[in-house]
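What follows is subunit A paired twice: with subunit B in the first complex and subunit C in the second.
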Partner chain A sequence: MENKTVQILKAKRRALWRQRFMENWRVFMRNPLGRIGMSLLVMFGLMAVCSYIPPMIDPMYHPMTGVDPKVVSSVGPSWQHWLGTDFMGRDIFSQLLAGARVAFLVGVSAAFMSVVLGTAVGMTAGYMGRFTDTALMRLADMIMVLPTLLVVLMLAALFGQLSIWMIVLMIALFRWPGVSRIIRAQTLSLKQRPFIDAARVSGASHLRIIFRHIMPNVLPLAFLYMTFRVTSAIVIEAGLAFLGFGDPGTVSWGMMLQWVWKTGYMFQAPYWLLPPGICISLITLSFYMLGRAMDEVLDPRLRDETQAG
Partner chain B sequence: MRKYVLKRLAQVMVILFCILTILFVLFRLAPGDPVTRMVDPEMTPEESQHLIEQLGLDQPIWKQYLIYLKNCSTGEFGYSIHYGEPVAKVIWEKLPNTILLFTTAVLLSAMVGISWGKIAAWRKGKATDLGMTIAALVTHTLFLPWLALLLVWIFAYQLDWFPITGMVSDEVWLDPDAGFFTKAADVLYHMVLPLTTLFLIHFGSYLLVMRSSMLDTLKEDYILLARAKGLTERDIRNKHAAPNAWLPVVTSVGLSLAFSINGGALTETVFSWPGIGRELVFAVSQNDYPLAQASFMLISTVVLLSNVVVDVLYAYLDPRIRY
Partner chain C sequence: MSESREHKTILQLEQVSRFYRTRGNVFRGGGRLVVALNKINLSLRQGEIFGLVGESGSGKTTCGRLIVRLEEPDEGRITLGGEDITHLKGKKLKDYRRQVQMVFQDPYQSLNPQVTIADSVAEPLITNKLGDPLDHLERVLKVLDTAGLSPSEDYVYRFPHQLSGGQRQRVAIARAIVLEPSLLVADEPTSMLDASYSAQIFEILQGVRDNMGATIMFITHSMASARYLCDRIGVIYRGHLVEQGPAEQVINAPQHPYTKALIDATPKFGRSSEVPTYGTLLAAERPATSSAGCPFFRRCALAERLLCAGTYPPWHDVAPEQVALCHLLQDAAPAASSG
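== the complex of A and B ==
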């Protein structure tokens, strides 16, 4: 009997969630920014998936090690190489596809890590208050003003060549303060609500209150900030690779730009200079637009504004 | 006000101290012998002995730390391995160049962003607004080094309007007859492309912040009052709405300073602009640790101090805030 009630309640809750999700999705897709951003991202996603195909067709299409034996320097687009080849005869199109994979990998994992860290720190600071709050926020202020790209560069000076995972980790470690500030502000206001008191009097521990009662309420906001962190992670990795301190084992768009710049083909090979830059800029733009559209889903005030004008 | 500035400066000192300490610890943790990383192998034994004593590398670790702090506070960063000169001398020459490019770029983009954002909000929903918002979104998300390369390719290589790299042309600066204005014009001529790059990347975010802040301000009652009083639209926009709307822009300038200095380093590297950012990149690629460390410290100091300047400016612009 009781089981049945629970089941019905659960089904109702699921239905409610689904309804809410569909409504948000509709608001999201009604927004032109959201639509454009989403379609661009789907395109980049397809590129990342397709990056596995060219090396399977012919090993000479491998983005890193594949070299066309008939080509000795950079040549322009042809049927054989849709976007031409780089200075040693590697196919630019397959490098571009591989770059999409690296961008997603770097962007999403660094953003995820920094948002997890930022959310944890923000919730702890906001909930605990007093000394913990002051200490954590001072730390956040300190890290926030440091230029991340140059910090990672300095770490490269200390520890030598950084692998792609080290770079991702470093970006995550230095990009959390922005998130934690927002989450802290949200936590401070949540803390005043009656349901937190109710949880406390019924004997919930601090950890349980933070993770069970506060976290579900700040997660949407954290998720929104993740899209902005993705762009900054991609740009930092690309900048680092462009300066020549990327992981030499990966082909990222920043790396491709570094090759065209350093090998002196910049002025002769627009087919090589243009695509990686366009890709980095477009993927940044699409995540940015996605974030803006999500902003409107989460903040109804903004929604009214765009509809009015 | 003075108390507030002093407090902020004290905070800057604390943060710098933390950065120095972390760098010291990391340097000892990093693989490789500190002596070989700090001392040029081409020096004579006497010279290197002198340098080791000056840097305290033969002392116990706690004493090394104290000597390191003392050296950093007096600007003794050791010898650059690549240049074979004292690091302080190398980077002090570069500092004004960085500050020139960086401040001009930030000020220019903030001013343009504010005034265009004002117009965009005023013409909300019209073609002007749409055009400006889209332009801001697109330029803001362009990849900076790529934009720089593109500008070089189009305006310096194809059209040959501007020099490809550098900050000065030798024939002007070696010419004894060249006056101050000729030299200044020469620097300005070299600065056009790097400045355009930084401007295009930055004005968009200021424009967007100003636009949304202005839209909020326009909903306030005092705007309605101003309109009821019969003030001209121009006065309402420029005297009543804009001064209240630009405060969030000042905050966003402060928050984006770290981002701007990243961009500054990339721009300097692409255009061979002789600044500290480029020096840091160069030092890291040459394994010149003393130079890298000092450039990093100097850049951090510049960012921290400009943050203080922005905060003070904020307090000055907003009469409600009195420290």
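== the complex of A and C ==
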């Protein structure tokens, strides 16, 4: 084939994918939930990125180790400390910024891991069927009924302080069954569709059918569930930290809440109590709204309803 | 048309049966055997278009799926060019499928919605590792042109939902013929399409036969399209092949009561009378006393209670190349029954 035709075709291919992306983006942004969620998320993203700045200005703004020598107990907002300081003179604003970073880290990595695991298990169970399906789904049931926070608390009590990565891993290991159930159901219905038969007649192997034909069809759903998993991972981490089982080496919002509570400033220092609380609520809300808007992108049947209402 | 070719058999089904088990278990009254195909004997000749006609649920799709080996027959033997393919597995099955391809009924379901047209059509080339991506693209463009999607450059990089039903079915045909198979199973390729598209699809199929020398098994419920397209016709009823012969002969002089009923059921343009030509179909089903009798006994208006209900009918050579499965043709001389 001449080079020119190939060039033109490549351009067409790029245009196709761009068009597809733009279409989805438009639907997503038309949804008010999507817009709000996205802007909140951008804000938190900025906070996470900006968390590196205060310690560079002055070491006393370091969220963990930086102490303002002039402050002996918690003081309210000032020019020096925009949100005040905690009981030993650490800057609350820079702690809040650092908390955003931890929230993203915990939320996204735990969600990613549990969704990868859930999708792999779900697709295997759905595609293989029979004994594999039964075995994997019973295992999923067993894990699903375990109360995650309680089990992680017990493990934390058993093994002493858990590092932040251990917590992420625990959340991932306990939160995959929900995803795998949904992916399995989707795989079961996809497996019956004629295009899978067509792929078989074309000579595709089982692996190729799973990765090339089933996975692209379940990935959007998996991605959707990831946003909901992010929410639950952040809440679990905050809960653990508040109860005193968090990673003592990181400054997370849950950790900040624990410090307020432990040092008895709960009702004396609203400038200290409220910001992390509000941030936890808003970030979970924003991921949830993101998921809802994405739901609409993935399921065109939901679109008209929103336009009418 | 078939006279000009030598009658070389390419595909043969010998005594092929397929059973399904109903859902449920012994406690819930399930687990009964349902016969989808009962001892089918068929042979397809090189380069012909063979029409398999029957009502829904008659087993015609099952027959197609057995041939491309999406399912395995429970009994009997299938041979392609003399080679037994009944229970092929793994690499041999893959090699077999390079020669035998299928076009599915519903073009809205048979293309992966997440895969571009180019990748869908190139799928057989990729799985069989034929050439590099550039070769694939070239062959895809060519085969899309053959399937009537031109300029093919405009279609390759689209998703299925951006095409109409007729266009999708062309893509499905393109995917089936990209390996230049020797046998193509077309499972009601036009039943989901408008009549105007159907004629175009028929033309493409004829082109595939004429230019690539492929043999086509055309599965349909419509006598009209079978007549238009096919060289020979087999009529199937509840898993039993009941009549087989050259298309013109079967349609102009049907012998089996069920074939006659099918032709009666074909809508005829501009004829006001509702009187059927043959009237072989019973308005209400009659109960069958035994399962050993003629499969069509329950709905046959001509059936004789003792003979038809009790024993399985024999095959009769009713005309040159035309055979039918019926007790009542026993006495009829081949020439006399054409009235």
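In this section, the second predicted complex is superposed on the first by the 294 of 309 C-alpha atoms of A that agree within 3 Å, B and C clash if a C-alpha of one lies under 4 Å from a C-alpha of the other, contacts with A are read in each partner's own complex, and residues count from 1 in each chain.
One rule holds in what follows: a residue touches a chain if its C-beta (ideal position, glycine included) is under 8 Å from a C-beta of that chain, and two chains touch if they have at least 3 such contacts.
Every value quoted in this text rests on a predicted model; they were computed, and no experiment measured them.
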Quiz item: Touching A:266, do we find subunit B (first), subunit C (second), both, or neither?
Solution: first
Quiz item: For A:193, is the partner it touches subunit B (first), subunit C (second), both, or none of the two (neither)?
Solution: second
Quiz item: Which partner reaches more residues of subunit A, subunit B or subunit C?
Solution: B
Quiz item: Thinking of the overlay built on chain A, is A:281 touched by subunit B (first), by subunit C (second), by both, or by neither?
Solution: first
Quiz item: Can A:167 be said to touch subunit B (first), subunit C (second), both, or neither?
Solution: neither
Exercise. Would you sort A:147 into first (subunit B), second (subunit C), both or neither based on which partner it touches?
Key: first
Quiz item: Of the two partner chains, subunit B (first) and subunit C (second), which one does A:12 touch, if any: first, second, both, or neither?
Solution: second
Quiz prompt | subunit B versus subunit C as contact partner of A:157, first or second or both or neither | solution = first
Self-check item: Partner chain(s) touched by A:204 [first = subunit B, second = subunit C, both, neither]
Solution: second
Quiz item: Quick one: in the complex, what on subunit C touches subunit A?
Solution: 65, 68, 70, 94, 97-98, 101-102, 104-106, 109-116, 118, 123-124, 127-128, 134, 137-138, 153, 156-159, 172, 175-176
Self-check item: Of all residues in subunit A, those that touch subunit B in their complex
Solution: 142, 144-150, 153-160, 231, 235-236, 238-239, 242-245, 257, 261, 266-267, 270, 273, 276-277, 280-281, 284-285, 288-289, 305, 309
Quiz item: Can you list the residues on subunit B that touch subunit A in the complex?
Solution: 15, 18-19, 23, 26-27, 30-31, 124-125, 137-138, 140-147, 149-150, 152-153, 157, 215, 255, 257-259, 261-262, 265-266, 269-270, 277, 280-281, 283-285, 287, 289, 292-293, 296, 299-300, 303-304, 307
Quiz item: What does subunit A use to touch subunit C in their complex?
Solution: 1, 5-6, 8-9, 12-13, 15-16, 20, 193-195, 197-205, 208, 212-213, 216-217
